[in-house]
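Quick one: the structure is below, questions incoming.
The chains carry the letters A, B, C and D, assigned in the order they are written, with residues numbered from 1 in each.
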Amino acid sequence: MPDPIETTLQAPLAGCGARSVLADRFLAVRARTRWLCSTLATEDHITQSMPLASPAKWHLAHTTWFFERFVLQAFLPGYAPFDAEFEYLFNSYYDSVGTRIAQAERGTLTRPTLERVHAYREHVEQAISVCLGQIPDSAWSTVAATLELGLQHEQQHQELLVTDILHLFLSHPFGTRYLSDAVPANAPDPGPLRVQRFEEGVVSIGIDAEAASFAYDNESPRHRRFLEPYALATRPSTNQEYLAFVESGGYADPAHWLSLGWSRVQSESWRHPLYWKRDAHTGAWLEFTAWGWIPLDPHRPVCHLSYFEADAFARWSGARLPTEFQWEAAMTTSVIAHPARERALHPTGEPFAAPLGVGEVWEWTRSSYEAYPGYAIPPGALGEYNGKFMCNQYVLRGGSCATPPGHIRPSYRNFFPPEARWQFSGVRLAFEGPDQAPSDSRGSH
Amino acid sequence: MPDPIETTLQAPLAGCGARSVLADRFLAVRARTRWLCSTLATEDHITQSMPLASPAKWHLAHTTWFFERFVLQAFLPGYAPFDAEFEYLFNSYYDSVGTRIAQAERGTLTRPTLERVHAYREHVEQAISVCLGQIPDSAWSTVAATLELGLQHEQQHQELLVTDILHLFLSHPFGTRYLSDAVPANAPDPGPLRVQRFEEGVVSIGIDAEAASFAYDNESPRHRRFLEPYALATRPSTNQEYLAFVESGGYADPAHWLSLGWSRVQSESWRHPLYWKRDAHTGAWLEFTAWGWIPLDPHRPVCHLSYFEADAFARWSGARLPTEFQWEAAMTTSVIAHPARERALHPTGEPFAAPLGVGEVWEWTRSSYEAYPGYAIPPGALGEYNGKFMCNQYVLRGGSCATPPGHIRPSYRNFFPPEARWQFSGVRLAFEGPDQAPSDSRGSH
Amino acid sequence: MPDPIETTLQAPLAGCGARSVLADRFLAVRARTRWLCSTLATEDHITQSMPLASPAKWHLAHTTWFFERFVLQAFLPGYAPFDAEFEYLFNSYYDSVGTRIAQAERGTLTRPTLERVHAYREHVEQAISVCLGQIPDSAWSTVAATLELGLQHEQQHQELLVTDILHLFLSHPFGTRYLSDAVPANAPDPGPLRVQRFEEGVVSIGIDAEAASFAYDNESPRHRRFLEPYALATRPSTNQEYLAFVESGGYADPAHWLSLGWSRVQSESWRHPLYWKRDAHTGAWLEFTAWGWIPLDPHRPVCHLSYFEADAFARWSGARLPTEFQWEAAMTTSVIAHPARERALHPTGEPFAAPLGVGEVWEWTRSSYEAYPGYAIPPGALGEYNGKFMCNQYVLRGGSCATPPGHIRPSYRNFFPPEARWQFSGVRLAFEGPDQAPSDSRGSH
Amino acid sequence: MPDPIETTLQAPLAGCGARSVLADRFLAVRARTRWLCSTLATEDHITQSMPLASPAKWHLAHTTWFFERFVLQAFLPGYAPFDAEFEYLFNSYYDSVGTRIAQAERGTLTRPTLERVHAYREHVEQAISVCLGQIPDSAWSTVAATLELGLQHEQQHQELLVTDILHLFLSHPFGTRYLSDAVPANAPDPGPLRVQRFEEGVVSIGIDAEAASFAYDNESPRHRRFLEPYALATRPSTNQEYLAFVESGGYADPAHWLSLGWSRVQSESWRHPLYWKRDAHTGAWLEFTAWGWIPLDPHRPVCHLSYFEADAFARWSGARLPTEFQWEAAMTTSVIAHPARERALHPTGEPFAAPLGVGEVWEWTRSSYEAYPGYAIPPGALGEYNGKFMCNQYVLRGGSCATPPGHIRPSYRNFFPPEARWQFSGVRLAFEGPDQAPSDSRGSH
């Protein structure tokens, strides 16, 4: 399953200025979505494995509806929707544009068929092409911004599509493989955890929306924060490190857990990460991956953790989770997307080329997802994109092996409820106050 | 969607004596299951619309597993299962043969693909053919009886397959059509309800298992019941008659309902049968059918009723539901399966050729599903077929437009929980004691 | 806690003819209700331990409301309700007389206080006395019948009051004692189970409502049933016999259980009867009683069984539960209420004076609670007393140690859902067909 | 219901230095808890109206257990627990000291009786008196700190006791009055909303644990935050202002609500605050208070709001909720507890004597409850007091009419889940960024 569009995708976003550049980018992003489904059977596109996940077919259609609703209907004179029923079926959560199917019922949609959804995709792609050719210069920047938002949106759904498929395949009694190629060899030992220390001071957080090539509204406004001294681990924690927590009885001692986390441990009988199990015969630890159930690789980053698990592990480790501001301040100058990431649907565990490299697993922060000072929800339907979710969710920073190119940047804010366990979510330990670790090196803002 | 095997299926069961007859019947039944799926898209085979319903793919595989497990593994030396995982995936409820997937999770099985399930069907069909050729005469009657049970079982699943698909298609926000041909014309007016009266006396109920060509264990032993005088309507109640109940406020007055039924009316906001709705624009009543949503035909039998609704309607009508014994005693000499039934996936409403004809809709009785006197659960896994379900279910008698040939007989006992609303279940009024209707004619046992 | 009114209560009902007799009986029944609460703290009257149970205070008030609503408001000119709010608070399930508090919320009523409820009781008792003195002879029979229904109703609630209190006291982490006197000695060994055989034939079931001194509507009409030959155990099964089922793994093998019962065993982790546990230190079996947790007496009747448990035990025993018709036909001539019953709040296990004596524990039958042939729900609010509950409940026959005098008769039909475990409900084994036990003696109808 | 201990309570905490001062304070706090129950019937002490609320009897016992467990058992040689079972019954959530009854089952405890709980209180109070006399000087500071924590703990439960009782009384179908005295007159009109503006800058947040007379662990460490410019309303919003939101359709438009809040509005049919309703006859708005249902006073602060409602109202108002840091920085120099607060169990609506007075209603902030930089959970059981609840809860600042003396301070952090509606929780509007209100005056940190 080689990724044919890799080069294109790595091109800079370039301000979305030139029409042909944006048109090329549009086609490349759309092609990548199709490519992610290329190993799936028709049957795999239909089923919803839990209310928070969506069927692959729904991702294919919903991302297309976004372009139809917000670009074609707004900017292409005379455009008629491909199918009037799709407005209801493939709207995700935009209450202001009409009624929609309940999220938990997306799996009841056996129709339209997958074939018809692909026809819908082609129809909309052709119409976008027409639209890009007809837009007068005066409207260009508005259209380009909306189109770019649609592309970013589709890329976000690419990652969800991968994680939703993996959750579906995990739910099968025997596990289903996403990839049929050979399981990769184990990763090299990264050595003991090291930390980097940061001094106190006022830092700038977030992005200046006017100056950025692209950013979501929740990354703005750029504003100031004061940080007390802290230290961060230079890499995420590994399976081996997490296994020590599991095998020392970490899931049996309430002292490690938040109260809500401990309730969850008990009510759902959590004993280890959701994507782990022990081989019924040998007792060896296995991990569920794109290649099905494989032996747990001790040196890869632990992933598919909930916030509750990440937090408990950090407390057990004598550390804590970083705030999203500590994280962003540290990463400003040192983010390196992992070079092998493009082809991976699982963390590689290979060493980073930078002191604090990210991009293998999303990193839970202890920060609740909240509006930045001065943030105002944008007007119109697209204002529903982010702001209304700012409650009972926790911010993850960085990006994962499943994150599309261009979506890993210091200011990017991902978020999930604290019990969510199906993302490529891991943990980077932080230290502050009385648990401050001895520093190995020094960073500055 | 003509039924190519109709003639074969109408042949008498003939004691299962001759091998070639049974082999032909085996192929005919198997072909009919495929035929029932012939208008479905692959996507339609996967989804489970509620815990009590199963995906079409699951029906296709489970009926096949039944032959593999109880015929091939028992009687074909050296037979190896097609796929060892199928034992777990496609066992329905036979606890004594091993663990199995939870019923409510059958919709998570995107694999095996539909194509592979069809290969499984072909594999088993060929092995059955081999098996029928190899069985020694000494073992023939045992094998034939098990094979016949498998065929009866598959036919039962044919009806469930139809009703499960219709429920799935109903669940689609806009309804999905099962059949693409023209919606049939309205049925003729059957005229006012007439009744037939029956005298008191001891009657024989059930079937002598030794003498019958085929019957389920729950139809035996044949035994005696005393019946007080009663009367039965000569036909099921119609949509028009039920509509009068709906429009007179029947769903708003607790006086008509059993206490559990009234709870359900309130907690699930029942206002009319599940497969009815009013057109949002015209206010006209519509009914969901194999042709999607169509105008409610006043003269067809009302169907898709729960026991609660059938009971409330009967009480509102100044009548009651019959007991299953009243029903069976009345039907002994007068059952005529409706001639047009083979091609129908909806009640036709055409007049019966017999005074008390049945076969358009299943008829709720007020009898709880209970063992007959002297009934003992058969030994072995097949003993799980019926007996363990004898609790909180109510018996339906007769048969519906979706019932396969050979499954309509006076002693046949169908059963569902009182809240079930997705079968072709209707109501035939009974009268006894103080509410006895004036009789139009007289029957005798 | 001697019962001061025993003698009065054992007097025959006597047709309710004489006013003074009925007035005396009224006061005696009312006094017995108070007496049942005499060992309770105020606090014990308030709490609802599960939705199906009611607080003692609610029983005290509801039984009073019944007299106020159906006697005083109907027959005492100028009577004004004691408190207008009580109509809403203490109506149980009479939808036709107005809205009412949800059953599951009866425990939220801290007000009226217990003291005020007792004042309500006295107020109504005095008004009934006035009413009985004023009723003209022409209305007497109607008033007397309604008053008698109120008394029967209050007696039914006396039994519920006892079982609801015991369930509440069981729910306390350490158990609460209802009685403070000495725990009685163990019962004598009743010896091996013996059976009595009954021949086939037509029997009369139920009561002629016109002729009876008192019976509920659900015991009528008297009608005929044909019974095939059967046999009944001469006594209920004991703790020792049930313990053999428990210790042989009865709760771990689905083969013994109805499908719904097995689901309940798994979802609620049933391992033994609800009122049993093993001592944490000695491992000895304990039973929860009016005296708190005491050692399990091997020879007393097993009680507090659900229908599911009674049915599974019967199947494991090679027997079955009787139908309610087998039970009633057998008991017609031989019921002897246990002589020591008056003072007992637990089965005594003492030998019966009659061949088939009853009255220690309610006996589950396998009959679903269903209307008799010709039964019609009575008009008016009192028609809600029985008929609307005829769904998904199973009939118990006989009576228990907690059943008030006069409520044990062959035609009496008690009923509960199959999962109910808090009544004094046990099991009498039946035999028929292939599992017929060798008979010890012969009975006839 | 005059408060006899008012004067004592208003005395400064005085460092807990002198034994006699602490002993007096101990008795005063204990007496106030009894006083809060003085108008309750025994029955009112027993019932749990929802899982998050506790019965009054449980509050009385649990606060006593705290002293027994953490003071007497630790520091009074030879002290034996009053009742060994109380360890299980009255432990709230300290997992590290043993098993305990589930929070939702506190209402099943009819025993010990209220009388026995009061005996328990007296027993422990006498033992504390003995303990205070025996402690050697060397241990005094430790004992005094633990005792003081117990007093702060009991005071927190005093407020919960009040709000839990009010919720119970609200749950009664007709409402129950807590106070029997006359309903107070309406409050004066506070005039239009005015704001105070604050400049940007680094502020100090939290308390230096070493220097403070008393503070909870969650108020430390003192640390620095950078605040962008903002403004705060000088008073909480009123019923009249909130009513405008209700009557303009605020509960019907998803645009105002967080996504989780909107789900709650729909699933629980929220149409107005939980403690409001319209009079069934006149249509006038009523509010549930300690005096039962009374006409809504337009000028008192709106209270009993959830975070979801406070947030939606703020958004509808063109404002937002403050962060807890904005709130604390503003309040540092200007907190005035409302002078009439002592006797009030409902906000008075009387004018504040200070520019930004607080203390009538708790004020929701938009800050998730999170550890301060450098915070570490204290060792031992008391470490469970705060830290493990730091997830999916939101901080409230200030204090309410039900908050005991000494619990209103700028650094105090109260917290509840965003759906909680039964506290005296209101809203103070904040402005920042593009929605900055014109300032009326200027504040500084």
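Basically, a residue touches a chain if its C-beta (ideal position, glycine included) is under 8 Å from a C-beta of that chain, and two chains touch if they have at least 3 such contacts.
What you see is a predicted model; the values in this text were computed from it and never measured.
Colleague: Go through the assembly and pull out the chains touching chain B as well as chain C.
Modeller: Common contact partners of chain B and chain C, which must touch each of the two, are absent.
Colleague: I'd like to verify one number: the distance from the centre of chain B to the centre of chain D, where each centre is the average of its C-alpha atoms, in whole angstrom.
Modeller: Going by mean C-alpha positions, chain B sits 60 Å from chain D.
Colleague: Using mean CA coordinates as chain centres, what's the chain A-chain D distance in Å?
Modeller: Averaging C-alpha atoms per chain gives centres 38 Å apart.
Colleague: Roughly how many whole angstrom separate the Cα centroids of chain A and chain B?
Modeller: Whole-Å distance between the two chain centres: 48.
Colleague: Multi-chain contacts only, two chains or more: what residues does chain D have there?
Modeller: Residues of chain D touching two or more partner chains: there are none.
Colleague: Among the chains present, which pairs are found to touch?
Modeller: The set of touching chain pairs is A-B, A-D, B-C, C-D.
Colleague: Which of the residues in chain A come into contact with chain B in the complex?
Modeller: 41-47, 49, 57, 85, 88-89, 101, 105, 107-111, 113-114, 168, 171-174, 176
Colleague: Using the touch rule from the top, collect the residues of chain C that touch chain B in their complex.
Modeller: For this pair, the touching residues of chain C are 93, 95-96, 200, 202, 221, 223-228, 230, 254-255, 257-262, 307-308, 315, 320, 323, 366-368, 370-371, 373-377, 388-392, 418, 432-435.
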